[in-house]
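Next, two complexes with chain A in common: one pairs it with chain B, the other with chain C.
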Partner chain A sequence: MLYLIRKMRSQLNSWALLSVIFSTLILLPALLIMIQLFAESNENWEHIKEYMLKNYIVNSVTLVSFTGFFTVLIGVSTAWLVSAYKVPMHRFFKWGLILPLAIPPYIGAYTYHGILNYTGVIQTTLRNQFGIKVDQKYFDIMNIPGAVFIFTMFLYPYVYIITRSFLENQSSSLIENARLLGKGSFMTFIQVVLPVSRAAIVGGVSLVILEVFNDYGVVKYFGIQTFSTAIFQAWFGMGDIYSAIKLAGTLMFIVVLILILEKVIRGRKQYSYSTSKVRPLQPKELKGLKKVAVLSFFISLFALAFAIPFIQLLQWVYMTYDVILSAAFADLIWNSVFVAAIGSVFIIIVALIIANFSRLSKGWIGKLFSKITVLGYSIPGAVIAIGVLTLFLALDEKVITLYEWFGLEPTLVLSLSISMLIFAYVVRFLAVGFNSIESGFDKVGTVFTEASRTLGMSVTKTFFKVDIKMIKGAIAGGFILVFVDILKELPLTLILQPFNFYTLATKTFQYASDERIHEAAVSSMVIICISALSIFFLHRVLEKEPK
Partner chain B sequence: MFKKNIFTAVVMVLLAALVLAGCGKSNEGASSSNTDAKKEEKKSGEVNLYTSRHYDVDDKIFADFTKETGIKVNLIKGEDDELIERLSREGKATKGDLFFTSDAGRLHWAKDKDLLQSVESDTLNKNIPENLRDKDNQWFGLTKRARVIVYDKKKVDQSELSTYEALTEDKWKGKVLIRSSENIYNQSLVSSFISLNGKDEAKKWAEGIVNNMARDPQGGDRDQAKGIVAGEGDVAIMNSYYFGQMLNSEDPEEVKVAKQLSVFFPNQETTGTHINISGIGVTKHAKNKENAIELMEYLSSPKVQEVFAEANYEYPVNKDVEPSELLKSWGNFKEQDLNLSELGENNADAVKIMNEVSWK
Partner chain C sequence: MFVQIKNLTFHYKNSQKPLFENLSLSFKQGEVSVILGESGSGKSTLLRLIAGLEVPSKGSIQIDQAVMNDNFRFVQPEKRGVGLVFQDYALFPHMTVEKNIKFGLTKMNRKQKQARMEELLAIVGMEDYASRYPYELSGGQQQRVALARAMAPNPSLIMFDEPFSNLDSKLQLQIRDELQEILKRTGITSIFVTHDEEDARAIGDRIILMNNGKIQDEGRPEMVLQKNKEKLSLAYV
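== the complex of A and B ==
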């Protein structure tokens, strides 16, 4: 007996040890940067405070609150309509409404600008076919409302996916009771659906908020000054790392505040269920005017958030593919898919280890580790990039000493290898994979693990023979989400790329930053297609999940 | 036992990866340092370039260079500021031999951070005019672009235009289009005014431009030109090569826009039109210095200068090479008489001035 306890403890310890190692590795880059948070302020900081800070805060907060509001509005209403009602093409819309996630907001931004501007297809048609010249005011998208539109269109699926899967799987009895009691659909929505799915909605919208806070591509292209552009400008433009860190610190503070707020709003109530009683919500057939209304809502949303930009890009691809496509282009695709796949595998492994440790150890330490994983998601990509670079250069210094010891020429090893980039991806996107796996673990609970342990299997054996098999769906889902995220990622890849290493995203950026939007279309299109395919698989995985 | 195995396995894999990476690289390093004989080095040599120029023509030129010399060109393509940050963090261990970017201010900044080294080359000194080179020969201009005024031929008569300064007069209220102050070309423009006219005058100019803006700055240089044709303003300040690209765009609508507009070189009677360069410098800790200089000389040679000029509508720096037909049709112009290092020296002041006058 005593032997058994000792054995158990030692096993937990090796999981703990691995968790500690990985968490420390993830913390290090952030720490290397944050150490400088307490440095004395200098004249640049005074200048930033006097002339710019207010603007940054106002712009960032405006963007975040409006985007948050609209993504909830659209995400929750579509989630409710899809899970409670049946309209024609129901099966298509179910996953078609996730598709906008395949379009990175920065590509969405320049595509929409391309459609709407003076030489864009709308104005040209009006001018050339109908002789109508319009006031530019109504076609201007490069401003804050425009950015809110872009973010809402391409980020609402976060709210949609999470809320929908909650509604479908966990709320049927409540909703059916409300229906039996004679509530109309609108009242059911307001009085039942909204309150019970609060946690899911908050979970989705906090992802949206983090994305908006950290976005660099859209706001830079539209010329809107926000926190993330300010960090770049202070750091790189003024060469003032201290002011940049202060801004990044302020941003992190806000983000942490939001995360705490999320926990408070979610409350203590956990909506987990005892497996036998849950059955999926049965959608009702819609008729008449209602059917037309819902259908046209779905169609216009799908058109705005996916079909229209997709078709526009297709036209540009047709315009430029003969110049852009070459044998080298295949390399781009291979590089992108390769780093995304490797990065996702690493993230899933690390997430599994930390999540398993954190759920089996009841104390606060386990919980702490699960919080650390979120850190990377709350720091702007460029700040992570420099932190990771600093860390790898420090490691390289050790390697160089070793080299000199052997009389070899000193050279950079780690910081010019692809491992640095992949490490940075792990830091940045661990939260995405971790959340998926954690929710998978939450669903199955620890009953089966405990049963297996009682039957004499070790923690590790149980993990491979029982746990992993029960959360296969969550693992696949997490993998795909991370894969798509890395495929679209820009600032990290741009700063940390090794020699002669280009990806679809960096190629897109190179053309777009040189104002050659048409040429950027081919690589954008490939990103979107690969992401869309992955999202389709994700949908299949979610469908197969045991209800 | 099993769990221990995993742990050891993970550690082993990590170690193995480290060692493997080390071996691979060390062999490479050894081979390039041991080949003392020049001829051999040409066969197996390489040169590593950090570049923020994203033009396809550059790739073609580098490929030609490799074909002719056998020296392989390795690239990291990023944004200028981030590449500078990376170079400076890599310090003496860096593998980057050359830094190539499209703004004199940024080149100066790299020099200021002690990231570049002086190069003595008669070829470079002969091919590149003195004012387009660093005072200490730490960087060299390779292509040139002018920041010009573009106007609607129907709405504005050429005689109404004279100088950058004139655009701040009341006559142009609500009619000037220019992009945001975050743009490096605008920062360098203001820097040049600080050099030529002093800080106060430069600030007055920036203030005047903000007062006369047709709209809040938005979009890139091409969007300013489109803004004129769309009727939002009458004149725009933009880079010459963007205008050339629009005239030759694959999109017929862009060509149509550009054809309604004309180029004007301001300040011909006074200080001259603002120019900027794409330039290159050898990094302080370059490991392949000879190859790096060879590449720089190649890029300044008449043959390559012609390719630059034709493909991208930039002005060649080499006096023996003529600009493209299109640029010639715009005529010759007087340039600002300024050593371009000063654009970098004044950059921080320029950014502050633009913030102070609320140039978005």
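== the complex of A and C ==
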């Protein structure tokens, strides 16, 4: 029996082997951190634990709870309004309300600060046109409520997207029944919509929470002490990788707790996107005051979360583009596109291998691999960066002894090289590519693979001649998502970028931290436009595709 | 015996009870056999086992004197030389009819491939459709292409999983007769899976009656159908 299974696997051998190697590599940074978490402590860490840890926890938890609350409020209400009612420009709002996702929160943060500060457009207008001097207190967003506002504006689309597609596809009969039973819209919403879409909402808000934990740009710029900033301080400020690891481990522990909590709250209900058979919910036309109310809600949300910062950035671009657009800027774009493209290619290849193995091997081993693959996306970028750094420093030690052995000059070869950065991207974003490819495979099933095998093709030949071709769309979609995620990535890149190597994201952040926010606009604009294009492509073009 | 199945035991990973237990069965060369049974009785699974798409936990399968699997060996599906026409045909949607048929012709040069492809299209009467994509064909045409594709590599055994179930009844009769004629002409050993008695009677040299993973009866169509009339009519009311 065992022998037979081994025999059968013999075909999948190289696939299994590659999957094992890749999954181990992916797990290694997180494992290293876990192990170090239980190592003996040093003085620095004792100090941090004693005096600062509580502050980090309080700040992080405050940010996460309030952002979670407000994103649910806004995300769910927009999702419900968009899927249940028709207002003018319905189709525009339907995907336009996703657009704020194109603006990374750190860019939103410095843009809003630039709008509101003493030299910003609002205060200068008030001063110069109306002679009004305002109390700075009311215009300061560089605090925790300000950060919550920024996170809410630029992250609520996660809740919106997942809840909306759930409502549109899954719940039409429930909602129509509630209406037939004489429930008003509001009661339908409270008594039916909220409970049935609980799983979807929890799924969306947990993405938001992970993003908030992952954030470094906003909190650093606003001067709020959190885990991310503490990790940076330990590593860059004190050169203390040891404390950085302890902090990273603690943060990882909290994130794991949250993931468990998510599973519990979500319960056994899964939200699914199956669109077959289920009749989509028909939105109904709104009239009168209600129409005006909903419309103005949409307009103000779209303005605050996208249009206003976008227009402000456009103006700054206009002010600075002749200085900024130079050979150095071309280098910057090249760097960003280069790492994003290489990273995405690696991710897609690894994802294809693991996904194909996991679907063909059918058993629990395959499932385990797919679980490992998704891990990295839950772990904040700074934590992964520290884990990868530890791993490469350890490797370098080995390499150095090897160098000395050959009588060569010992240098750090692997640490802080581009390959380390790209490896870290793969760990962090593999899940994004993997999910896309896995759902592609799910859609086509295994029947074509089996047909090909009875026609004399091996697993590997089938993979190239049939499987890959059938999930082209999923591969392209996955590539775009990963590419954009890497392009926007900040904390991990800041820690791991080689000396004198900047990406659009890190340069933007550097300008902003140096209070040169106008100069940051051009690179921000490039990031936003590429993200917006990808959102447009994924949500308008792919959604329309039949099947 | 051309195909010999001995003491086969198999269960799906997520079920405790084995679907087949010590199943033994054989098929003669050149014969058209029909496996008849209700939904869920294990007909498709049996074909998948013969094709090598599932791995049995015990027992052996021989095809044309060669051991396909026993306790020590397992021949991969691509090495078995068995053709399988899937229930929904599984034509590769990204390939034309021509490419689909040529797919399994790995050991031929380009000229030979072309000749074999044309030969098969002629057999199934689809000469004019070589450059169409599967979605540009009707159900019956797809079925014929699937047959041509499965026969192209010259398998020693060809199996059909409910080949008529996606066709309307009029087409069903026509295709069935055509298929029977093609099979007789080529003399290829074939196994049919169906839950339709009429199909079984019309096309089979022999019927194997299957229920719940067990063989209930086998023999000449009239005999089997006559003998099990009551049971069958009960099952298909």
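The rule we apply is simple: the second predicted complex is superposed on the first by the 380 of 547 C-alpha atoms of A that agree within 3 Å, B and C clash if a C-alpha of one lies under 4 Å from a C-alpha of the other, contacts with A are read in each partner's own complex, and residues count from 1 in each chain.
FYI, a contact is a pair of C-beta atoms (placed from the backbone, for glycine too) under 8 Å apart; a residue touches a chain by one contact, two chains touch by 3 or more.
Values in this document were obtained by computation on a predicted structure and should not be read as measured data.
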{"item": "Contacts of A:L533 with chain B and chain C, given as first, second, both or neither", "value": "neither"}
{"item": "Partner chain in contact with A:V264 - chain B first, chain C second, else both or neither", "value": "neither"}
{"item": "Touching partner for A:S458 - first (chain B), second (chain C), both, neither", "value": "both"}
{"item": "Touched partner set for A:V447, first chain B, second chain C, both or neither", "value": "second"}
{"item": "First (chain B), second (chain C), both or neither touched by A:F222", "value": "first"}
{"item": "Chain A residues contacted in one complex by chain B, in the other by chain C", "value": "11, 458"}
{"item": "Chain A contact footprint on chain C (complex, rising order)", "value": "13, 48, 51-53, 55-58, 69, 71-74, 76-84, 86, 88, 90, 92-94, 103-104, 106, 149-150, 152-153"}
{"item": "Partner chain C, residues of chain A touching it in the complex", "value": "1, 3-5, 7-8, 11, 362-363, 447-448, 450-458, 465-466, 469-470"}
{"item": "Touching residues on chain B, where the partner in the complex is chain A", "value": "2-4, 6-7, 10, 17-18, 21-22, 25-26, 29-30, 33, 48, 54-55, 74-79, 81-82, 84-86, 89-95, 109, 113, 179-180, 182, 216-223, 226-227, 229-232, 242, 245, 250-251, 253-254, 256-257, 287, 348, 351-352, 355-356, 358, 360"}
{"item": "Chain A residues within the chain B interface of the complex", "value": "11, 14-15, 17-18, 47, 51-52, 113, 117-119, 123-124, 133, 136, 140, 142-143, 220, 222-223, 225, 229, 232-233, 235-239, 319-320, 382, 385-386, 389-390, 393, 396-397, 399-400, 402-403, 408-417, 419, 458-461, 494-495, 497-502, 506, 510-511, 513-516, 518"}
